[in-house]
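A single structure is presented below for examination.
As written, the chains take the letters A, B and C, and residue 1 is the first residue of each chain.
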Amino acid sequence: MAKRNVLEYVSRPAEAVIALILIMFIVFFAQFLVTELVWLYTYEKPSPPIYPDDPQWRIHRAAKHFLPDGTMHLVHRTDAQDDGDYTKEEITDVNGDILWQGIRKERPFKYLEWESSPREYAEFYGEQQISRMLLSPPLPCVLEVPVKVGEKVKEVWQYDLEAQVFAGYSIKVGLMGYLGANGFALSKAQAQPLGKFEGLALWTDEDPSSIVMLGVTKRRIYQIDFRTHKVETVFDSGQTDIESIRWHRWRPMNPKDSNSSDIQYRPLIDCRTADRRQHLIMREPNQVLTVELPEQMQTRQTSGHWPFKVDFTATSDALFMQYRENHFNPPKSHKLLEQYQREYASKPRPQSLQLYKVIDDGKMELVKQLDWIRPVWEKPYPADSREIIMKWASTMSPPVFDLLWYLFGDSLYEFGSEGVSTMRMMQAYAVIIIEFRPRYSSLNCVLSTAMMMIAFWHGWSRRTSWGKLFVWLVLVGAFNLAGLLAYLALNHTTVIKCPVCGRGRGLERVDCVRCGAELPVPERRKLDLIFDT
Amino acid sequence: MIDEIVLETQGLTKYYGNVLAVDHIDLKIPRGCICGFVGRNAAGKTTAIKLMLGLLNPTAGSSKLLGCDSTALTPAIRQRIGYVTEGHRLFGWMSIVELERFQRAFFPEQWDGKFFAEMIEYFGLRRKQKVKHLSNGQRAQVSLALALSPNPELLIMDDPTLGLDAAIRRQFLSGMIEIIMREGRTILFSSHILGDVERVADRIVVIDKGVIRADCKLEQFRTAVKKVILAFEDSVPLQVDIDGLLHCGRSENELALILVGAGDDKIAELAKSTGAERYHIVNMNLEDQFIEYTAPTSRGKLFRWEEI
Amino acid sequence: MRFLALLKKELRECLPWAVSAAAFLLLFGSLELRSRLQRDVDEYQYRVFERYSEVSGYELGKYPLGDVGLLVFVSAVGLGLALGVRQFWFADFTGTWGFILHRSTHRTTILAAKICAALISLIVAVGLILCYLFWRASLPDYSPVPPPIGSLIGGWMICGIGLLFYLGAGLAGLSKARWYTTKLAGLGFTVWMFFTFTQQWTLWWSFGTLVIGTGVLLYLMWETFLKREF
């Protein structure tokens, strides 16, 4: 008997936790479903925003581009919607004088292009994705890079996740060798590991049968040409870690599409390291330049709002940098972000766009600067109706999520948006907590209290112990509807009428919880033939 | 020899949901007893047996087999108990010889292989026959053989003759008698067939709606429950006053009384006091006695012929 | 001796399902490998890349054993579910719990025999067949590019998933709760563990998920089996 009780001390909580979590997912799904259905039913297409007729707004909303000589143009969209190459545009100079009008694909000006949009590893596929490929059901898969001659596959290079090298197999001969950090090696022991990839990109050039790979590890950037079996160390950061990579025109572009202008670009990789330095790796000719940006130009590690303030591009004539300053300095806490955004929008804010030329010694020369004021916009964007519906649906969410948000909101946000470097399930849980946390805390608490009262009323006649009932009440209070449903699922035991006091009583105890009477012994009839034999 | 109690229950109670299946059963079965456990359908017999064997957990009360709590029967105790399940549920895919091998593994020292083989031969079964190809009766025979071969001290059988024809039942009971003849063996069996109980049991326990209504020697029960018919010249008296009156049935000239524990002299006195012309005590078998004893107090007649 | 008798009985009951799963995997796995033999290298020949284009890592991802992985998954999960139902649901219908439980052995031993039989069935019917298919695919005459050992380890992990589903189905079968309350919680937990397993980044984390899931389900199953009414 004692052994079984010990087992129950572990199994009962385990059952409760499992039931609670599963029911919580069901409740979340129901909340999501309700939100989507109501949104679908009530959806109205929003009308396009109307901006005030203010010269500063016009400057602020215009796309700002530079010509290679440093001249700045403002490109204004005259259509309500962006129609791609057929969008109607008007190009002015910084004074507002109209230079040209027409559709985008017929622009007469060729502006400087900049490195990719500011997302880490935007075009890269992380090592985690490679390793995840090894685990994804139904069965692991591997990264294999083929090398063709004409139509026929001549070699296949297979990535070895453990050894962190590529193993090469010839179709005719079999295993040929390995590609590691030290290039081609005949044996695995001789091949140096490339290191754990944080990102990689693959592309073809003029010859589509050969693939080139750019792989980024913590300290190095490699370029691997599988046809020539060459491994080039493009950049070695030494003792400091590589934080982010962006590139421009590094992979070869189709001559037809790449540059139908006079601007000749140099391939460029912009590598930022943990010591807050930007390393610019260029080709044609090969050059590595290290730039130390002033503090105000440094990328801010916040919630992802405009983290990159500077962009680089390298032409055959010069290396340019554009610096955008909007004085948007949100607090580190994501919980205060929304309030800060409202405050930011409520006042006029100075904006600035500056073009610099980067000299060979890493110093920068200002070429052009445009300053303007972003006015207050009194008519904000309409609120997302989904958000409004979710606010009401979230009143059924667990109050404990609200508590977690209050205590660890910033960490949850960071954890939830960190991307591929963390466990995806933990990231998913963080996102669930953020998305489903109660928005109306007071109403949520009231509902939770109501759930607790229902649980108490249900459990009063059934309880085996005050302790157990108390624990369940705490769980119901913390998890709201999910807690109540879990409680009912695990505690719906029979209630019978006590023959002594006439009120409901459970059967888990021998005695009635109301009057203390035990289950009555049946009445012996006079005619019962019960003899002691 | 002091009677050792091999099966004891105290206040054994079981609820299924809010349905009371077994209500405060108090039983003491001594060693060497052959106890017939009888009751109507849904009286609680199978539930009581399962509680005793630890297959169900009681809502209240306790039960002991061979001195061990039923909810914690040790393997050593289970080894001394034979159990024949209701309906003789066995593994259909096994053959008789495979079943024997399986069962024998749990009784390495006490298994009587020769006895098992003899029983199978006696029942006319083939050892390689699969259970799923056996009839109800044949399965019952195999069940009995499996239960008896380990030579158990206590044999518990839940409606072992259910669905068997008379000949098979006779054979089955012969097997039971075999074990009865072994000294110190105890049997508890539930049955709907009172003839079987009458044949082998020396003690009867009657359960009705989960409550024990009779727990005595068979002879005591047989003697105690009587049916008396009083015939009257004129009208039948409306009220009858006698100790032990269970039921009273009236027709035009007769009064049928079911009496419990009333002696012959009391019956004669009643006949005289009510002015009955004549009376006689009906010769009932155990089945008739059981039916009358467990009949509801206010029972109606369903069929027209019953009113004649 | 008692445990062996129980184990033999359980293995015999698992046998038809294990044989079916093994036959399914062997037959269709072999067919899949055979068809891959013809198209393995050809796949890259037909996979034409554009000039001057990006190539997605996922385009270059290749399942070394083709759809064998899917077959292993289906076999493992199917066998696990079938054995869970056979061992823990079927006895309710046939009414044989009384016969099996009134044994001169602990209930834990009876449960252990069932679980061991299921584990052996999964290992033999799915795991060993997978090993054979892997070996076959590793032969030089089959493909110039052998499958990496990681795909075999991953395949065995999938067998572990089958064990999870077996335990989940068994726990659901043992549960006396109503179906609309927590009867299927065991299976729900299994599905949750399965998704957690698929979201891990490394083999070790996946293995850890399997271990945790198996441990929880085993414990709950053991405790339920000990106290359950039959």
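Observations on the structure shown:
Here, a residue touches a chain if its C-beta (ideal position, glycine included) is under 8 Å from a C-beta of that chain, and two chains touch if they have at least 3 such contacts.
Because the structure is predicted, anything quoted here is derived from the model rather than measured.
Two chain pairs, A-C and B-C, are weighed by contacting C-beta pairs, with A-C ahead. Here C is the chain whose Cα centre lies closest to the centre of all protein Cα atoms. With each centre defined as the average position of its C-alpha atoms, the distance from chain A to chain B rounds to 72 Å. Mean C-alpha position of chain A lies 33 Å from that of chain C. Distance from the chain B centre to the chain C centre is 48 Å, each centre being the mean of its Cα atoms.
Across the assembly, chain C contributes residues 227 that each touch 2 or more other chains. Residues 11, 13, 15, 17-18, 23-24, 28, 30, 33, 59-60, 69, 71-72, 203, 206, 211-217, 220-221, 224-225, 244, 246, 260-261 of chain B touch chain A in their complex.
Within the complex, the chain A residues that touch chain C are 4, 7-8, 10-11, 14-15, 18-19, 21-22, 25, 123, 125, 128-146, 148, 151-153, 156, 158, 160-162, 169-172, 174, 200-209, 211, 251-254, 257-258, 423-425, 428, 488-490, 492. Per the touch definition, chain A reaches chain B in the complex via residues 1, 494-496, 507, 510, 518-519, 521-522, 525-533. The touching residues of chain B, when paired with chain C in their complex, are 50, 53, 55-57, 75-76, 78-79, 81, 83, 85-87, 89-94, 101-102, 105-108.
Residues of chain C touching chain A in their complex: 41, 44-45, 47-58, 60-65, 67-73, 140, 144-148, 150-151, 153-155, 157-158, 161, 177, 181-182, 185, 188-189, 192, 195-196, 198-203, 205-206, 216, 219-220, 222-224, 226-227.
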